[in-house]
Amino acid sequence: MLAQQLVNGLMLGSVYALVAVAFTLTMGILKFLNFSIPGIFMIAGMCTWAMLKGGASLLVAIPAVLLLGALLSYGVERVTWRQMRGGDRFVPLVSSMAFLILLENLALIAWGSDQQRLILPFQSTSARIGDVVVGVPQLVGLALAVAVVWTLDRVLRRTRIGRAVRSIAEDAETATLLGVAVDRVVPLVFAIGGIFTALAGVLFSLNYQQASPFMGEEVALKGISAMVVGGMGNIWGAILGGLAIGVVETAAIHWFGARAVDIAVYGMLLAILFGRPTGLLGGDLAKGRA
Amino acid sequence: MNARPILALEAVSKSFGGLRVIEALSFAVLPGERVALIGPNGAGKTTAFDLITGVYPVDAGRILLDGADITRLPARKRIRAGLARTFQNIRLLPHLTVLENAMVAQYARSPSATGMLEPVNLTGNNRWRREARAALGEAGLAQYAEEPTGGMPYGIQKRIELVRALLAHPRVLLLDEPAAGLNPAETEALAAQLERISAQGVTLLVIEHDMHFIGAFCRRVVVLNFGCKIAECDPDAVGDDPRVREAYLGADTGLEAAHAA
Amino acid sequence: MSGYLEGVLVVLAINVILAYAAFLPIVAGQLNLGIAGFMATGAYLSAYLTNAHGWLPLPAALAATILTAALGLVVAFPILRTRGIYLALATFAFGQVVVATILNLDAVGGAAGYPVATHLGFPAIAAAAAIVFVTLYCLFHTRFGLSVTAVSDDELVADQMGLSVRGLQTAAFTIGAGVAGLAGALQAHHFNYIEAQHFNVLLSIYVVLYVLLGGTQTIYGPLLGAAVFTLLPEVLRGSAQWRYVIFAALILALMTWRPQGVVTRGLLRRLVEWRRPSPAEAA
């Protein structure tokens, strides 16, 4: 029983982990809390549903949605971050919140407020490991999440572009003076975050076969908690935090019911902010302790 | 010395990380004195000010204001006790007008709930407003009263900072490079203003590099280097002190070159 | 007055009160994303006092305001050890926890919502909004308003100039919490029904956004922000969603070109000068 809950928690956690990575990228590099991420998560999930409903195959839908996520995120960068560097420090946050409102309400206009059910174009199979049942799609999702984050970590630590990103995290002005094309690297970071977010949205909607215009608020917002718990600016912290939040949420539902979830998840966020604001892993994107 | 010093540092030390920035610094300032604190860049002069006004706690030693030990006193209570300062890099408040910037320090004279609820901006004729306006007028800044502080010329901003500090009615005024960046006319006006302030009995401790300014104005000079006091004498003798020469220029060169520069 | 118009004005009055609840902390440099949590606290406390203990609505609302302010004071101690984005995050988390906690309290209806027995009509609510405005107007124009702005501009200088940074921040946060609680209590008694899900983070976001839209440099900004946010759908006659889309677009435009908000000190001065010609012009 316990093992099953743990596994369920880890599956859910892989979605949170991806969202947390998206949050932690802009938070660690730009000190920017990007509230548009839940909006992009939701659009990804809803579009996946819409495309599948329209008869598209997964091979078409998934890349399309990922691309959409990257584009949306790039759009956010152009309208919020690009314009507002150097202004009041809350301006980018405020603009990102406006984006969340924009996306959520556009979705409501387009699709109404009902929760939609996804019809999977494939047979959902389960694997059995000992006493534990795991959905194969969910397992794939977890593996994908870990793989994608591992790749990102390697890119950040071993490649030139990764060094450029980390130099911006340390000091954007100096990075510019040293020749880093900040104006090209930052949009790339946003786009990557957008892809991660969209991937999370796709995985969630496929794994749980549901999508709604409120899924950003209800699901992705917990990614913030995951980011902080793991350590802001720390990629592996985001994975750890995501998995932790997933497990905590599943355990809370199992033992206390669905109404306890937010208390547990956001209570953890509050506790970390008060007790250990650097998070479980601490760390600093700039220092390469990813 | 028969009189009790109004400001005294006793063996004050401070480190940041592993770096010792102030080493067993001791000096005293008598009431009404005009003392200059000089030294090469990085000698610790502004840090000394920061320790005196409570920006940082000391690691060792004591700071006494008119005999009272203020070493552990929180910064906000030090200005209330009569210790005000200006800043090397001007720190005016961008979202307040010039007049309001000046008024901020008045609270130090009536630090209470009633003081906080004074309707200073409610009616045009509040006494604190009038007093601040008069102070700005005396400093020749009356026309800037309602202007935002951003974008003001450097010399004007410096003078506003001085008015602000004065409105706390300090007994001891710490000035961090008040003449830096001022043209000769402004420097002369500053000197005249400081004379007036000193004549009212305010003790002045000034960080400066301009030796002419110091020579004309201060009676005594305390020289710092690497966080230690290396000399203490009157302005005329400072140039001859070998330790001071060495600090500024390396050994065996005269301070006359620095004078001429 | 038609029932419809009255309904709109009630919502406007409550939004104005909420605006001022967010305004004071913002002036102090605090972005309170948990304001909905304080609103919920006030709403449920006031409703509970009238439902379970037979209080009259006005005393209940007053008590709820004070109790919510007390909660704000308690929460301020840990929360104000954080700054900037961490503070925003902490208030966000707090707001979520409050609402989630209320959802679990079956004594006040839990997830099903909580009907409220007693009613407050438009006159009471309008009066409350007026009182809030006048009180905050006066407060803003005392040394407190000046000092709170100073603290948000430069904490070090404020401290050096004799201000109690912690005290001022706590006061701003606490007052904001109390005023939000008042808004919640009034909402509970006018609509005679509250549900915890209503007081979510998006509500906090809307309030903060329309206050920033109005502008936080003067006392009039929040008034304008609340008015724009409330009256936009009336003007546009679109669906509720389109109103939010337009609102979001307005915010994005504003943050790009005029991040200080619509009503600034400069604008206010120019308006005053325009209506009262200078002596030179009058001559």
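Order of writing sets the chain letters: A, B and C. Residues in each chain are counted from 1.
Please note the rule applied: contacts are C-beta pairs under 8 Å (C-beta built on N, C-alpha and C of every residue); 3 or more make two chains touch, one makes a residue touch a chain.
Since the model is a prediction, treat every value here as computed from it, not as a measurement.
The greatest centre-to-centre distance from chain A, using averaged C-alpha positions, is reached by B. Central chain assignment: C. Criterion: smallest distance from chain C-alpha mean to the mean of all protein C-alpha atoms.
Contact analysis places A-C first among chain pairs (by count of C-beta pairs in contact). The geometric centre of chain A is 51 Å away from that of chain B, both derived from CA atoms. Separating the CA-averaged centres of chain A and chain C is a span of 30 Å.
We define each chain's centre as the mean of its Cα atoms; on that basis chain B and chain C are separated by 41 Å. Residues 31, 78, 81-82, 84-86, 88-90, 92-94, 96-97, 99-101, 103-104, 110-111, 200-202, 205-206, 208-209, 212, 239, 241-242, 244-245, 247-249, 251-252, 255-256, 259-260 of chain C touch chain A in their complex. Remark: chain A residues 31, 33, 35, 79-80, 83-84, 87-91, 93-95, 97-102, 104-106, 108-109, 217, 221, 224-225, 228, 259-263, 265-267, 269-270, 273-274, 277 touch chain C in the complex. The touching residues of chain C, when paired with chain B in their complex, are 138, 140-147, 149-150, 152-154, 156-165, 217, 265-266, 269. Residues 53-55, 75-77, 79-80, 85, 87, 91, 93-97, 100, 103-108, 111, 115-122, 128, 146, 148, 164, 168 of chain B are the ones touching chain C in the complex.
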